[in-house]
Each structure stands twice: as C-alpha cells, then as structure tokens.
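What follows is a structure written as structure tokens; I'll ask about it next.
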Amino acid sequence: ACTPAAKTQEQPKRVVYLINGALGDNAFYDSGKAGIDNIAKQYGVETRTIECNFDAGKYEPSLRAAVDYADVIFVISYGFEDQLKEFADQYPNKIFVNIDTVVENSKKTITSVDFIEEESAYLAGVVAGLTTLDTSIPNVNPDKVVGVVGGDVDPVVSAFVFAYENGAKSVDPEIQVLKKSLGGAWDDSARGKQAALQLYDQKADVVFQVAAAAGIGVLQAARERQLYAIGVDTNQNDLEPGYVIASDIKNVGKSIEDVYKTIHEGTYKPGQVLKYGIAQGGVDIALEAKVQVLPQSIVDKVLAIRQQIVDGTLKIEMYNNQDVWQ
Amino acid sequence: MRILVGLINGMISGATPILLAALGGAYTFYAGVFNIAMEGMLLTGAFFAVLGSYYTGSWLIGVLLAVLGALFLALIFILFAVVLKTDEFVTGIALNLFAVGATTYMLRKIFSVKGVFSNAGIQPIPSVRIPLLEQIPVLGEILSGQNLMVWVAVLATFLTYFLIFHTHFGLRLRAAGYNPARLDSSGVPSSRMRALSLLASGVLCGLGGAFLSLGYVNLFAENMSAGRGWISLAAIILVNGNPMGIALISLLFGFSDGLGLLLQGYRVSAQFTAMVPYIATLIALYFYAARKKKLKST
Amino acid sequence: MGEACASPIFLNFFSRAKVMDSNLIEMRHIVKVYPPNVLALDDVTVDFRRGEIHSIVGENGAGKSTLMKVLYGITHPNSGEIVYNGKAVHFREPGEAIAAGIGMVHQEIVLIPEYTVWENIVLGVEPVNWLGKIDRRRARQRVQQKIDEFQFNLDPDARVEDISVAARQKVEILTLLYRNVEVLILDEPTAVLTPQEIPQLFAELNRLRDSGHTILFISHRLEEVLELSDRITVMRRGKKVETVPATETSRQELARMMVGREVIFTSRRTPQHPGEPVLQVEHLTLREDHGRTRLDDLNFEVRAGEIVGVAGVEGNGQFELVNTLMGIQKPTSGRILIHGQDITHSDILERRRFISFVPQDRGKMGASLPAPVWENAIMTHHRLNPQLSGWKGLLLNTRYARQFTRQLIDAFSVVLPSPQAPFRTLSGGNQQKVIVGRELMLQSDFVLLDQPTRGLDVGSMEYIHDQVLRIRSEGRAVLMISADLEEIFLLADRILVLYRGKIVGNLPVERTNPQEVGALMLGGQHESP
Amino acid sequence: MKQKVFNALIGIGVALLLGAVLLILQGYNPLETYQALFEFSLFGYYPFATTLRNAVPLVLPGLSAAIAFASGVVNLGQPGQLVMGALFATVGGLYLDLPPALMIPVLALLAMLGGMLWAGIAALLRRFFDMSEFIVTLMLNMIADYFTAWAITEPFKDPTAFSPMTPQITQNGWLPKWGEFNSMILFMLAAVLVSWFVFNRWKAGYEWRITGQNALFARLGGCDINRNFMAVMLMTGALAGLAGGLVVMGGTHRFIRGLGANYAWDGVMIAIVANNGILATFLYGLFFSAIQTGALGMELITSVPNEISQVLQAVLVLVIVASREYLNTLVEQISARRRAREART
C-alpha cells in the first residue's frame, strides 16, 4: 500500500538504537551508530543510543526506556533476546528491528537483519591463504601457516573462524590455521597483541583479528613483526598502513538505513528476516589501502571468488555449532 | 626456540606494567597506607600518555603527562585519606571508579571516540637496541630491542630497593608504617611520609600506565588496565612489599599469562588458559604462606 | 640534611651562671578538653626552672601526661599560653619542641622494635651522604659517642625488640640527648623498672641535671619523687594543687594532696592457712624452635586460699607463663593440672571453666573498647552460664544479659553513664572494675591476675586489692603477676621470682624482703637461710 | 542513631551539590539531570519497582561484605561467589524438575550453596595453609569469572543462542511477579532481616561482632575463633551466592555473559560506605540502586553520558564518607570548645 494514504500515516518521530555492548569498537556498534546518525540527518527524527555495556542488569530497564521513548527501535540484542520478545509482544504497534541475529516473537512483529559473516570471513581466509603462499611478499616465510585471534569463543566469533579456515584451506588444504581466543578480554589490547605475537612466532604470516578493541593490538603486532593482519567489521586497512592487507567489513549502518527507508516509505513489513550477504552489501572484503601490499594477482583472484559468491555460483558453508577451536 | 624467546619477551612486557604499579604500591605498603588505587592510577596514566604523545608528537611529554595524571589521582587520595582521614579502602575504590568514568568521558570529549583511540600520530616509547649484544642468538634477542620503559622498570626496582632500605627517606617511610607515633615524636610528621609514599606510587603507576598505552601497544582503550592494578596489589601483599620479590611475582605473572595463551594450542579451553596467572598467584601465595609459617615457628 | 645543629647546652652554661633559678618554662592558665568533653586540664598554671629536676605527681587521669603533651606540642590546649626562654611559644608538633630544645619520653615507650638501637635514635636526623644514603658508620659512631658521654651502657646495633625494658628507656632518653635537648620530660619512667634499676636511672638523671639539663619527671611513687626532685607539683583531677620544694614536704602530705584524703600504706592481709593445691605446674617448658628457651622447667603449685605473687623484670617469662596457662601457646613439655585434672592440652574454653583471668592490658586482651559495657560484661559467661542463652542455645538472652550486667555494676560499684555506653568511655579504673568483676563472678577456683592494678590510681587500686583479699578468704587460689614489688609484698603469701624463664626464688613473703627479691629479679643468687 | 541519619543526609546533600557543580562544568543542567535521575528511579510505579529490583544484587553482596568486615573477615570474594551462585541456580533450573513451590526454594538454596562453596575454598585455604583470604578471594573472583564463562560456552551452552549463554531454566524456577514487583524483593528483605537477627540476636553474632572488634579478647573469652571464621565465610558466601541466584531466577532466567558485571564490587563499596552496618547497608543499597537506575534516565532525557553518572557515583561515595566522618569530629570539637570555655570562666 505504497500510496499517499501510506504517506499520510504519521511518520515515526523518535528512534532508539539499543545495544547490548558499548559504542567504540571502531566497528560493529559504531557502524550501526553511523547509520542512525544518517537517519537523523536525512529524515530529521530524534535519535538516542542506549548502551548496556554488557551489563545484564540494564537490559530490561533499557528496553522499557526505549519503548517509552521511541516508536522505532533498532536493537542489537545479544543476551536479551528473551526480554526483546516479551516487549515486542507487549507493544505490537512499535517497530522492532533486531540487528545481526534472528529473533522471532510469537506475534511475529520483530524484523531481523541477519548478516552472512561467513561470506566475508571466507574471503578473508582466501586472502590469508594466498598471502602465506606468496613468498615474494616481503617477510612471508615458506611455511603454510595463518592465524586468527578471537575476542571470545562465542558462536559469532566461531562462525568467523569457521569460514576463515574454510577460505584458507580452499586455497591450499595444507595451510594450517592457528587460533587464539582472548576468552572474553575484548578490551585488553595488550593481550590481543601478545596472542598475535605468539601466532607470528609460530610461523603465521597473516593474522585475522575478530576481537574488537583488543584486535587493534593484533594490527600493531603485525607492524612490530613487519608481517600482516586482516581487520574486521570496518575498513581498518589504513590503521597500520602497509601491514593490514584487508578488512572483513560488516556494514550495519547500511542495513539500518535500508530498513528505515522502507519504514519511511511505508513499505516496511514486520516479522521478516532480511539476509545481508555480500550481494546485499551487508558484508564485504576491503582490499584497497593507502599502502598496497597485496600483489594485483592476489587481488584479482579474491575479487573473482567474491563475484562467484555474489552470482551464487559459489555457496559458502554456514557455521552450525561445530567446534572450530581445535 | 623462537616460541621460547617469544614467551620470555611476552613475560617481560607482561610483567612491566604490573611491576611498575606494584613498586609504586610498595611505598604505600611500607608507609602503612592501604592503597588499592593502583588500578585507577594505571588507567589514568595510560590515558594521559596517549593524550600527551598524540598532541605534542613527543613520547617524552606523553610519559610526563602520564605521571602528572596519576599524580593527580594520588593528590585526591592524599586529600581524602591523609588530610580528611577518610577510610583508605573507600577512597581507593572510589578513585578506581572515578578513573574509569573520567578517562572514558575524556576519551569521548577530546578524541570524540569511544572504546579505543588508536592513531599513527601517537608517538610510541622507543625500544632500546644494544648493538653488540644483538648478535648473540637467544640472549641478544631478549636483552636487545626491549622497550625503554622495561629498563626504566628494572632501574626502578633497584632504586626502590635502595630508597626503602638504605636512605633516610626509607628509614622514615618504614617507620611511618611500623609506628607512626614514634616518627611523629622524633620530629617527622608521619602524615607527610604517607603523602610522599602516595606521590611515589603515583609516579610509578603513571610510568606503568604509559608503558601500557605507549610501550607495549600504541593506543588507549577504555579500562585497558584490565585488572593489572589488582594483580600488583596481590604481588605486594604476597611478598610484604619487598621490591625484589615483587619483581619475581610480576615476572611469574607475565610468564603464566603468556603460557596460558600458548596452551590454547594444546586443546585447553581459552577460559582455563586465562585462569593460569591467577592460579599461579595462588600457588605462589601457598609457598609464601608456608615459608612465613616456618619463619614464625623458628 | 640530618646534621644535628650545634649544641645549645654550652650557651646555657653561661646563661645558667647568671639566671640560676629563673623560670625556663612558664605554663599559664592551660585548659585542655579532649573531645567530646573530658576536661583533662582545668586552668593549670605552673613554672619550671632552668637546671632543676621538677616532679609532677597525681592520680591517674589527673592530667600529668596531658600537661606535658601540651608542652611538647603533641596535643594543643584550648586556651592558655606557654613561655619558654622568655618568649611565648606554641609548638604545632613535637618536631618544633625538639628543635627548640624540649624532648619527651612517653609513658608508654614508643620505639620501633624492628629497628636497631641506633636506627631508632637517629630516626629523623640521620647523617646522610649526598645520595641520601644513610652513613651508618658516622651514625653508629655518633650514637656510641653519646652513649659514652652519658655513661649509658647500650649496644647501638642491638635490635630494640631484643633488649630489656630499662634499656629501651635509655634508648628513648638517648634519642633526645642525641638531639641536644635542654629540657627532658620523663613520663612515669620508673613504672617498669626494678628497685635495682631505679638508682641507676636517678644517677643518670642527676648527671644530666648537673650538665645543665632541666628534667620534668612524672611518677606515682612518692618516695622516689621525694628522693630525686628539687621541686614537686601535685595535680588532682586536672587542677594543679600546689608546687612545693621536695625538702619541705612528706610522702603522707603528697598523698593527701593527690587523693584528697588520708591514704593507708600498710597491708590489710590477715594470716591464713592455705588448703589443697588447686593449680599444679610440673616441668613446664616452652622452647622456641631455634633453641631460645622462654620457660625453663617451671614447677610450682598454688593452694586454695593462697595468693602467690610472681615477681620479675618484664620479659623474663611472665608473658609466656600466662600464655601457656591460658592455652594461647602450647608448652614444649610439662603439665598443667587444676584440681589434679590435666588441662595442658585442652582448649581455651575448656580452661575457662576453671580459670578466672584478669589480663594486664585492658584494651588488648581484657575488653572490646568500642562494644557497649554489657557486651564486655557477659564475655565467657555467655558460654558457661545457660541463663544467658535463649532458644536452643542459639539466641542470646539479652534481657538476662542486662540484668547480669546490673548485678556486676552494683557488686563492684562501677561508675558509668549506662550499660549501653561504649566501654572506652569508662575511666581506666572503672574499666578494670568491670573486668575484675566479670572474672570473679565466674566463681572459678583458680584466679590468674596479670598486673591487676597497672595504671590505676590509689583509690581504684585499694578497691581491687580488697577484692583480691576477699577471694583469698573465700578459699580460692590466686596467682598474681606484678611488676610492682610494693603490691606483691602487700598481698602475696608466697613470691615466685622469674628470671630468664626460670624460677630463681620461691619465697614465703614473711621470710624475704624487697632487696632480696630485687636482687633475684636481676639474676643475683638467692641466699636461702 | 539520629546523629548518624543526620550525618548521612548531610553527606548525601553535599555530594549531590558537588555533583551539580561537576555537571555545570560539563555544560549540563543539574536540575534537569537530577530530575530525570529521580523520575527514572523513584517517582512512579515502574521506576520504583525497577529501583527495588536492581537493589537486590547490590544489597545482598553488600550485606555479605558488611557482615564479613564487621566480623574481622576480609572476604572480598563477593563477585566470584555471586556468579558461582548464579551458575548453581541455573544448572539446577536446567536439570531439576519440581513444582514451583519446591523449585524456587531449592534453586535459592543451590545458589547459596554455590556461594558457600566458593567462599569455603578460601576459608579452607586460610584455615589450613593460612593463605590470606584477602588475596585468595580476589584471585578466586577472576577464576570464577572465567570458570562460569567456560561453563556457559561449553558444557551448558544454549546451542541456539548467538552469544555464550545457557538455555532458559524451567518456568517453575522463575520468581513470580506481581505486575512490576518482582518477588526477588521479598528474598532481599528476608535476607536483610535474617542477617540483622543473626548478627544482633544470636550468640554466634555476638561472638562475630566481638571478634571483629578485638579477636584476642574474644579468643581469651572462650569464643571458637576458627569455627566463627568458617561460619562467617560460609554465611557471607551464601548471601553473595543468593544474589546471583535471584538475578537468574527473577531476571534473565538463564546465565548470560556479563551477568553480575559489577554488582558485587558496588556491594562491597556500599558496605563500607554504610560502615558495615546491616540496616545502613540496606538503605545505602537502595540509594545507589536509585542512582544507577536513574542514570539511564539521564542518558535518555538529558543525554548525559553513562560515564558521567559513573564519576558522579565516585564523587558520592567519597564525599558521603568523608563529610560524615569529618562531621563527627567537628561536632565533638565544638562541644569540647564549649566545655573549655565553661572551664575558663
């Protein structure tokens, strides 16, 4: 019913961006925030961000505050899916958009945006694999070893690791993928750096970081060892110019803007599950950097595989609770 | 071999901030001040180090600012605990809370980021390469190329030892802890020694913080002290403040921390490997307690 | 820094010549109230002359220490002025007083046991090199020099925790002399000394006086005050009663001025035949692992209706004897029997069924200062007296507890604001009465008294003594440890002398005298008749 | 007593004033901010209910710390004991199946058991190897943190969840709610009353208090120091553990990452601010809960960032304690001066 009638139905005035964690991961949450800010600019709605700082005690009151305040709630609900469902059922005429996971309430009013991390992480693996094989790249050793540092061992990180390993092995089954987890120390960048250093000592040429703030330590380890790292969530290629060869991007902001656009135009349908893969521009791999390290040959190979994924000719295996840490 | 060297280097850089903070705490320990604000001082130091280094482009000024920042916290501690005689434990806890809030807030205000501020403009503290030693295989790789602050920490250890046990400052400092009344009646106000000890711990924690944000890594992250202040407290109590003992415990901690990460290669869950340092501390405590028991009985 | 300034004493020699008995110090209209409302000094005016030994006597709490603390800058008067060397002074902290030449040795010795003698002495004025490093050689040699100058025999390298009380006192005095003070304040220095050590101290003090020092001397012991001083100031309840030349007064007169009434100095002990042995100690030995023997094969018994006094210089095993009797420390060997029952290995509560115990330190062992009086009164009773426990022995019967406290207060005529008041707000004497009362109401046959009247004034002391004699007449067995020979001779039937953890004398009181006991206390041989 | 309340109020007043200055310096309107603070924490049905509910995980660890400290036991293990309690309750809720009438008490007991266990370890280490409970409990906090993290990522993880968490516990284990009022509040009140009663009316409590004030005296008086130490450790462990259990049963219904993030430390802080008094701990617990709950309102309405409310809390703590103690001495000194004046005239 995308008609003037729909247009006249009153536009939302207030939008809340409610996140389980805290802004400032230079990544996931921040990219969402960027989307929210754009909405505010573009449509002149009032926006607020509520951070729960991973404090379980804050989840329910925050939800309550959010529904009291706003009529559209974008929520990253790791950890409080249950409460989210309750509230969505209680307030069927508020718009709940759940980011990054699939949450389904009995009234089917929550729309979920599901990112297909596996696709981009797979490409990250390909980049790593091709790099460790190409000893023409400075300091790359002959051993076929790459590494990954995860902030925790939760399913999301595991999904990254899973696809990353598949990507690397797709290049050459002999490539060994070493993994380290920081066991939840997302903000201890010193620890992140030490983990990466250990991987480099174990002959890895490339380390993929899936560790938010702690991950920055990984990038710095790469510079110290004159070796290579792959960033995550946003384009981190220029954080340590010449050492970050690629970034696995998750464009939360775009998804938020897309969804809000539909709300604005009245085409929004509650209860959907929107898949955001590479094709939809939800995730991607960024290879361009100020200081280009990857030889064009590798870039081309990666882009080719990316294209296959977009065309759907290459299906990426989805993570499904395998134990990827051994 | 490389792994071993890596482990040792990891141990050293893991130990440094704890060592510096704990040395700071040693002064307050001997002066009889129950100081648990090391955590906050580390964090503040780390923040101001980045602030100074980023804006002036000089790591030296960064370190200087770090020290000043931590000293500021020390001054608040003095104001409340020494002057107004507020409970030291409360003061410490409140200051730690304050440090987390304030640094996060300034991070947002000044760098308009949250979480992490990492930027090529942040000048790191240089590391020291020792021309000839470098050649020696293992030893060279360890001794050379360490961060300047590591050597500062080594120096600080011996300096602290000297100050506390061989100078009139140390004699008075320990007197303030043993029997303040005596110190007062011999003409040196014990409150002055308590204040001085807090300033000393401010300086050292500042250096420790600077190492965190300009030495080991080159960025500031919210709450990046990540409990190191508490570990240093444990280290101090463990060895009754003896600087050499503190150095030992810090190294033990740094080592077990790296070891934990390494163990992940061998089918041990990340969470358990992360426990290693704390379990190691408990074991150390066990042997320490046993030794003390023996000493007491004899 | 650290270099002590040139001695003012030489200057004083000249000045002394002309202004022989001019006032060195004048304290005028001093008022001191301790928060919240203890009027410790009530408009006190007193003067001290250059080169005299001036004693201050008075009951506990009369304000002697406070007066001196005010002079020394430890506490600050609410009003009044101090004139020193002709000009008004106001010391904010002891440091300033010392710098001006006034030093004080406290009633309770404050040294750092962990430090050596010389470290304690130079603390605050350490000789140092340009690095701030302490010049041990110079420090030791300076200290040694002072030791020789004033003929104290002390080992500068001994750790204070290892030396005798008398020696510690010397360290305190030396600390001041090292700083070249001209006025020495000594707060009850003799309380902890033996009859033999006191003359030594007096000799030293006289030497100091002759070398131009002024000495302010606080004591309870009237005869020694009369012997030592040039002039004597008497205080009572925060007021100065009078200042008199020593030659023009007597012990009786001083006592009357102090207490405000006549005081009897003779024993009220009536002869009585002891009964069955209650406490038996056999071969009691306490040896520390590295060989040092604290208690060396003690054998003695205490009979019903008998008071056994334990004499000895502090640190000769009294502490360990109490600890082993009470079960705080386990003896290396030997047995402790009560009524023939071996309690050597039973726990403290078990012993408390048989033993009433009055410890020497009220604040540390005898009571909880912040707790209300009634909670202090029911300690131990709450375990032994079923009436104090309520429902299934879990609850505390607070109603009965208050009633019990009432009884105690009445029976031992304790003066206090209310049973709810914090114990600390009671006066020392009343605190002691509560503790003694609590212990005696346990009705146990053996009573262990450790310095039962330390730091009490004559009034309270008399009262406690009467109680001790009463339980003796009730046929209980009493073991009383006391540093005060006078007290022991006043009460005891038999005297045990402890020296280096050994019993060097076990003497019926009527067949010995203070001189002999004093000699034994110092390790002299005991010539048995 | 009246004096105490008065001092506390003065302290809070001064603290809020300083906080206002802070806010002005940062360019916020203190009135608006405080209004928002209290609108979201006290004024109104839901806010008040939330404040009460959030008070639970502050008050219980607070009680735990207060009783421990007042008994001379340095149990700083509340954070660890809390999460262990939560884990025990959760596991019970996952594998047991009883009618609510039984399930809820059983889970509560399990939670206490978890806390006791964790405190008991420290107690035993102290008792037999005299390892200072101070360090041990601190270390055990970290260990408990990682241990529970492991438990919810490996053995007890919810395979369908996206982040480490256990499945939901059985409905029978959920604490009933009446509208907004969650029955966990009743547990809290009960805990406060029981604690007060044990501490002030039991013989054991009497011995604990005296031991806390003067251990040697208590020992000579015939109190069994070691048994008391053990008892206090266990009881305080149980209180902290219960807090964890209630958070699960009354709030999240499962163990999720970051549960009890910093309740327990706040609890310790509150206990000290309350001078280890039991009722005082309860009241200050409510107060700080109000502040924390209201902070959300500040963020929403006046967009005062969450850090500021953290700083504000720090200021509150410091100033309340400082001014309270300063006030006491001040009052005494004034009365002393009066006395002195009388003496002079």
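What to note about this one:
First chain written, first letter: the chains are A, B, C and D, and each begins at residue 1.
By definition in this document, contacts are C-beta pairs under 8 Å (C-beta built on N, C-alpha and C of every residue); 3 or more make two chains touch, one makes a residue touch a chain.
Since we're looking at a predicted model, the values are computed, not measured.
When the interfaces B-C and B-D are ranked by C-beta pairs in contact, the top one is B-D. The distance from the centre of chain B to the centre of chain C, each centre being the mean of the chain's C-alpha atoms, comes to 45 Å. With centres taken as mean Cα positions, chain C sits 76 Å from chain A. Centre-to-centre, using mean CA coordinates, chain B is 29 Å away from chain D.
Per-chain CA centroids place chain A at a distance of 37 Å from chain D. Residue positions of chain D touching 2 or more other chains: 146, 149, 153. Residues of chain B in contact with at least two other chains: 269, 271, 274. None of the residues of chain C touches two or more other chains.
Interchain contacts (touch definition given at top) occur between A-B, A-D, B-C, B-D, C-D. Interface residues of chain C, counted against chain D in their complex, comprise 29, 31-37, 39, 42-43, 78-79, 326, 328, 347-349, 352, 357, 359, 363-371, 375, 379-380, 382-384, 389, 393-396, 398.
Those residues of chain A whose C-beta lies close enough to touch chain D in the complex are 48, 50-51, 53-62, 64-65, 69, 78-82, 100-101, 152-156, 183-184, 321. Partner chain B is touched in their complex by these residues of chain C: 1-2, 74, 93-95, 98-99, 104, 106, 110-115, 119-120, 123-126, 128, 131-134, 175, 179, 288-290. Against chain A, in their complex, chain B makes its touches with residues 2-3, 5-7, 9-10, 13-14, 17, 107, 113-116, 118, 120, 212, 216-219, 221-224, 226, 257-258, 261-262, 264-265, 267, 269-271, 273-274.
Of all residues in chain D, only 40, 46, 50, 54, 57, 146, 149, 153, 159, 161-165, 168, 247, 251-254, 256-263, 293, 296-297, 299-300, 303, 306 touch chain A in the complex they form.
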